[in-house]
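One chain, subunit A, links the two complexes that follow: it is found with subunit B in the first and with subunit C in the second.
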Partner chain A sequence: MNLKKLTKKNETYLLLIVIVFSIVINTINPVFMTVENIFDLLRSSSGTAILAIGVFVVLLSGGIDVSCTAIAICGQYIAINVLIASGVDNIVMAFLISISVGLALGAVNAVFISIFNLPTLITTLGTSSLFHGLLLEFVGTKAVNVGNIPDSIKAFGKMNILTIARPDGTEYGLSIFFLILVIVVVVTWLILKFTMIGRGIYAIGGNREAAQRTGYNIRKIQFFTYCYAGLLAGVMGVMHLALIRYSNPNYIVGTELNIIAAVVLGGTRISGGTGTLTGTLIGVALITILQKNLVLIGLSSYWQEFFIGMIIVLGVTITYAQNKINARRKLSIDSV
Partner chain B sequence: MSEVFLEAKGVSKTFVGVKALDNVDLTIGKGEIHCLIGENGSGKSTLIKIIGGVYKADSGSVLIEGRELHEHGIQAIESIRAGVQIIYQDLSLFPNLTVAENISINQMLETNQQGVNWKTVRSSAKKALEEIGEEIDLDERVENLSVAKKQIIAISRALTQNAKLIIMDEATSAITKEEVDHLFSIILKLKERGISILFVSHKLSEVFEISENITIIRDGKKVGVYPTSELDYEKLVFIMTGRKLEYAPYIYNEEMKEDVPLLSVEGLNKEFQFSDINFTLQKGEILGITGLIGSGRTEIAQAIFGLNKPNSGTIKLKGKTVHISSPEDAISHGIALLPEDRHHQGLFEAQAIGDNIVITVLKKLLAGLNLISPLKKQTEGDNWIKKLSIKTPSGATPVNSLSGGNQQRVVLAKWLATEPEVFILDGPTIGIDIGSKHTIHEIIRDLAEKGMGIIMISDEIQEILDNCNRVLLMSKGRIIKEIEDSRTTTEEELYDIVTRNYEVEAGA
Partner chain C sequence: MKIKIKSSKNFTLFIIMMMIFILLSIVMPSKFLTGINLQSMASQFPEFGLLALAMMMAMITGGIDLSIISISNFTGVIAALILSGSMDSSTPAGVAILFAVVAVVAVSMVCGLLNGLLIAMIGVPPILATLGTQGLFLGLAIVITKGHSVSGFPEVFMGLGSGTVIGIPVPFMIFALIAFLVSVLLKRTRQGFNMFMVGANPVVSKFSGVNNTKVLINTYMLTAVLAGLASLIMISRVNSMRPGYGTAYLLQAILVAVLGGTDPDGGFGSVKGLVMGIVILQITQSGLNIMSFSPFFKKFIWGFALLAIMVINFLLHKYNEKKRIQSMTDMKKAAKAG
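After this line comes the complex of A and B, so read on.
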């Protein structure tokens, strides 16, 4: 890829912001750029990234999903309760339950959206409350403390795919969470790039009417999209549980706007059809750095929101300015 | 005629009580360029959709190479497999995808594959482009291409599906004259390969240029099929509209001329858009501005109306310099602009006709407590509906239920309500059929005769010559020639100046 193309890409600027931020934080507190801190960041942000990828796929198709966080917490809370009640102490089981819940709830969204053809924002706003409300009413409202969390889940949270020894003999490592993220990224990439259903997601996001005329099965594609987003939310639910070793049915819900912001910041058009996985990952990285590392430079966590807001406004401004410049250039050559 | 490819016999179709097609026949030979012409709402689109298997005909049949189509219920795929490809006016492309994918997408879906082989995608796209001798970057996104290029993509896509008949619906409505010529050269190439073309249009001059035979429909009925060589412009208009339309040149009443012009534009400049624009406009004049798309015409109109801030230059009204930085300023100085894109810039399409008309003059409608008086609103709206004879049962009907010509009258009414002295009309008859076009021209002339200064911007040089007393020719952001009296020139001459200049500059 040549330099000229790079300057046109949103991701390039975003990556620059990430780098500048990292350098600033690192000069104030050199702990930031240590392998240990980076591994820690990867561990704590992998789940968010997976949720964001689900949102990304939905945005590509021209829709929006604000229920992903509600689905994630449903998956998590139902899985932990089933595990405790049944006495089965198995991480695979936890994933199976959470993913099934995610798929089922994603399918509920899909039915409303693809079969009844309802607007996606309103539908998922509604189902988000619906899912969460049902969870609190029928499954419970009590948080599950670390003492009650099954061992297999705690062990999973500590599992590393790479271990490095500290000088004092203790160890740290790269969490298995990162491996899961890599798998999700690769699978999503393969689906989007090399399957007809993946190209269909781009097609219906770009021009729905044309997709219909061309012969795409729009219902099928939408069904797949919302189920896939639900599945990823299910995966995230268990990862979040293993990360914090605590389950509160009111967690995760409420962070959906941050996740959508990360995806849009990564260059995905909110109107659909355009966006990249790379951009999404960089968007998540930026939001994560802001959320987790302001403390490192001595700022209170209240500044988080301020900085996230600032970055979103700045990011959108850059995109907007770029489009405007491009449009002006075009006008001089060919006004249509 | 050679071998017959498609034959539609006695096709009728009724939509909720309205007869859209009544016993229509259409015959297209192999490798023939056939034209289907008729005013908006005459049933052209319905007929195309029946051929394409989108609608089901109430009666009649469609035969392709002698075999009846859609015998067992309608299916678009059946028409496609028989070799019929329809290129709709909106082209049905995916702006966010690359050229290669846009061209190959139908073929991929047709073969019912699950995976995507990018090598095949590229090679079949390349092959389709080569077939019509075109070269376009396969990796470019379609949204970055001009309309003309997009059209080529749509044609190439049709070719990947073994098209034997390509139906082009209003293919020339958004491209420049030069691009039309290029499109026609492609159509001729397709003909050489034995592909039939059905060219659907309401632009008469183009129909004469390209077609071999013309089928004319009016109000859902076929009124005739003629070899193009047997028709001339007047005869075709007569058959199409059922009446004779004549234009006398607009003659400017010199008595209205004043020492200080109504509007004068001096040294107007805007980077990348236009430069050194000087002209004046007198009361009662219709000043035409024409040039190829991209020549800067629309941008100048927007600059005068406060929508496009120029870098330098002055605008004077009756000799006084005015500063216009917003449409509000422009309106208060008595300037109105009828925009190029009626649907997006001119109207609130889902709203009532009356509401659309009064939107510019809400202040005049205020009554006690500074609230809008429903009575005044109603009177103002109805008044204009009557004055411009807008065909509607009532002012409460939404604008999108009107025909193009009537919609444009609503836009006219909305601006006339502000009582402008300078009225800029950017493409006043785009997408309006020939009968309504004429009445809109009459309204415009009438306004000028009563003393309004009018600037008419149009692509159609003939329209400009028919209606304007003075003409400015533009190219690449500059005024390249002023014709003082439009009676002293011809369409060919002006077209020649505009394109020659374009080529010289483009070549340099």
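After this line comes the complex of A and C, so read on.
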């Protein structure tokens, strides 16, 4: 790709910010740029990235989904409770249960949005409260401690696809979580690039009216979008469980705005139609580095909220100011 | 046509409100219909009622304000620090309270101005702008207090949140006054009229000579000031302030605004409907409390109610539309026959 094209891309700037930021952190604390820390970052952020991809697809279609975190925790908590109650100790089973819960709850969103045509933000705010309330009321409120977590899930959390030995003989490695993320990225990319539904997601996000007249089935596309986001949330639920080896029905919920922030920082337009997977992944990287590494440069964790808010405000300000300037430039050329 | 739908919407709300009230009064008259319960209900809702008013105003202009709770937290922390500081330095309570109120209004106006500038000048969608500033303001509140809570205020200040005058709770009177002022603003002033115009169709309003930028900036400053006032009632009622307090109010504020007939797409909403929405929410909440339902069940109920209301609105709209088309075709047929 030539340089001129690169300088016009949002992702290039974002990547530059991430790189500069990493260098700054690294000069203050050289622990940051070690392979071990990067592998660790990949392991802990893969789940967030998968959730973000779900939100990304929804945003592309011109909607928004703030219930994804509630769906993820529902999938996780129901899966772990079923596994413990039935005595089945199998990671595939955990994924199956969590994904079916995710799909079902995603379908609930889909019904409200595609059939009743309700505004997406308010619908998903409502379903988020509905799902989480149901989970706490009817499934339980007790956290599952590490002692009660089935062995297969713990083993899955420690599984590596690549191991490197430290000088002292102990080992560290690249977690299997990263492989799942790669699979999700490839599948999502294939869907968006090569299927009618994928092209339709871009189309209805860009111009709903035009997409409808072109013959896209908007209901079907929206239905797919929210179910897919639910499915990914289900996957994330189990990954989160294997990561922290603890299940609290109040976890994950409340982080949805950070996830949306990551996607939006990645250049996805909130009104739909524009955005890339690469941008989303870089956005997640930026938010993760901010969240996990402020401590490395000696800032207390209570600065976190402030910095993330700051980054979102700056990010969207730059994007929309740019849009405004571009629009004005176009107008002035047209009028000449 | 529109007026008819509007009045019928408020009428439906009124019926729902009365039905819930009568139902609860019949089922448990000894617990629900008591002076103490009515009084406690009237002192509970004002803080989030003000937030709901703010949400409604943002929605009328076609936007949304996700940062109101964070603004409340931020201004609440500032007021709490001023008030508890005055206890140590033995400043007269009156001076401290005046100072705190001025600080709250000033800070919230600055917060609102930031929202307004982002939205109106730079053109950031309201949901994104306020999503960012939500983190920013809450972050500031956390940074200032280092995450701890602030408590210990002058005795007089507690009257604001928990005092009563001839049996009527003070927060209720504050809410009534502000709701009245907002109603006047929306119905009788140029700013109010323009807010509806911008919400209904920003392009048309711009070409009709409305200064959209100014209207939006004013709107977000007003919502922020309402959030600031809510924080004063909040801290005086619970006698302390902790950043992160009241996050559940965000969903409830949106719920009440939509329940009260505000159109989330902009251009429509009324204080009358909103107040009825608040009353419905509050008496249902009180009823659920008396029947000792868990807070989780309430969470479920709020989500369910929000969705149910919107589905009903959708079906009603569809039904009205169908009837309108039906009557038009009938008229045509009649004209042909005649």
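In this section, the second predicted complex is superposed on the first by the 333 of 336 C-alpha atoms of A that agree within 3 Å, B and C clash if a C-alpha of one lies under 4 Å from a C-alpha of the other, contacts with A are read in each partner's own complex, and residues count from 1 in each chain.
Please note the rule applied: a residue touches a chain if its C-beta (ideal position, glycine included) is under 8 Å from a C-beta of that chain, and two chains touch if they have at least 3 such contacts.
No experiment lies behind these values; they were computed from the predicted model shown.
Undergrad: Identify whether subunit B and subunit C fit side by side or clash on subunit A in the overlaid structures.
TA: clash
Undergrad: Considering only touches as defined above, state whether A:Leu243 meets subunit B (first), subunit C (second), both or neither.
TA: neither
Undergrad: Is A:Gly206 touching anything from subunit B or subunit C once the two structures are fitted on A? First, second, both or neither.
TA: A:Gly206 contacts subunit B only, not subunit C.
Undergrad: After the superposition on A, what does A:Leu105 contact: first (subunit B), second (subunit C), both or neither?
TA: neither
Undergrad: Between subunit C and subunit B, which one touches more residues of subunit A when both complexes sit on the common chain A?
TA: C
Undergrad: Look at A:Ile252 in the shared chain and tell me whether it touches subunit B only, subunit C only, both, or neither; answer first, second, both or neither.
TA: neither
Undergrad: Which of these subunit C stretches, 200-208, 254-262, 290-298 or 308-316, gets into subunit B when the structures are overlaid?
TA: Among 200-208, 254-262, 290-298 or 308-316, only one stretch of subunit C overlaps subunit B, namely 200-208.
Undergrad: For subunit A, which residues belong to both interfaces, subunit B and subunit C?
TA: none
Undergrad: In their complex, what parts of subunit C are in touch with subunit A?
TA: It is residues 64, 66, 118, 122-125, 127-129, 131-140, 142-143, 146-147, 247, 251, 254-255, 258, 264-265, 294, 296-304, 306-307, 310-311, 314 of subunit C that touch subunit A.
Undergrad: List the residues on subunit A that touch subunit C in their complex, please.
TA: Residues of subunit A touching subunit C: 64, 112, 116-119, 121-123, 125-134, 136-137, 141, 254, 257, 260-261, 264, 270-271, 300, 302-310, 312-313, 315-317, 320-321, 323-324.
Undergrad: Can you name the residues of subunit B that touch subunit A in the complex?
TA: Contacts found on subunit B: 76-77, 88, 90-97, 101, 105-106, 108-110, 113-116, 118, 146-147, 174, 272-273, 293-294, 296, 298-299, 477.
Undergrad: Where on subunit A is subunit B touching in the complex?
TA: Within the complex, subunit A touches subunit B at residues 193-199, 202-203, 205-207, 209-211, 213-216, 273-274, 328-329, 331-336.
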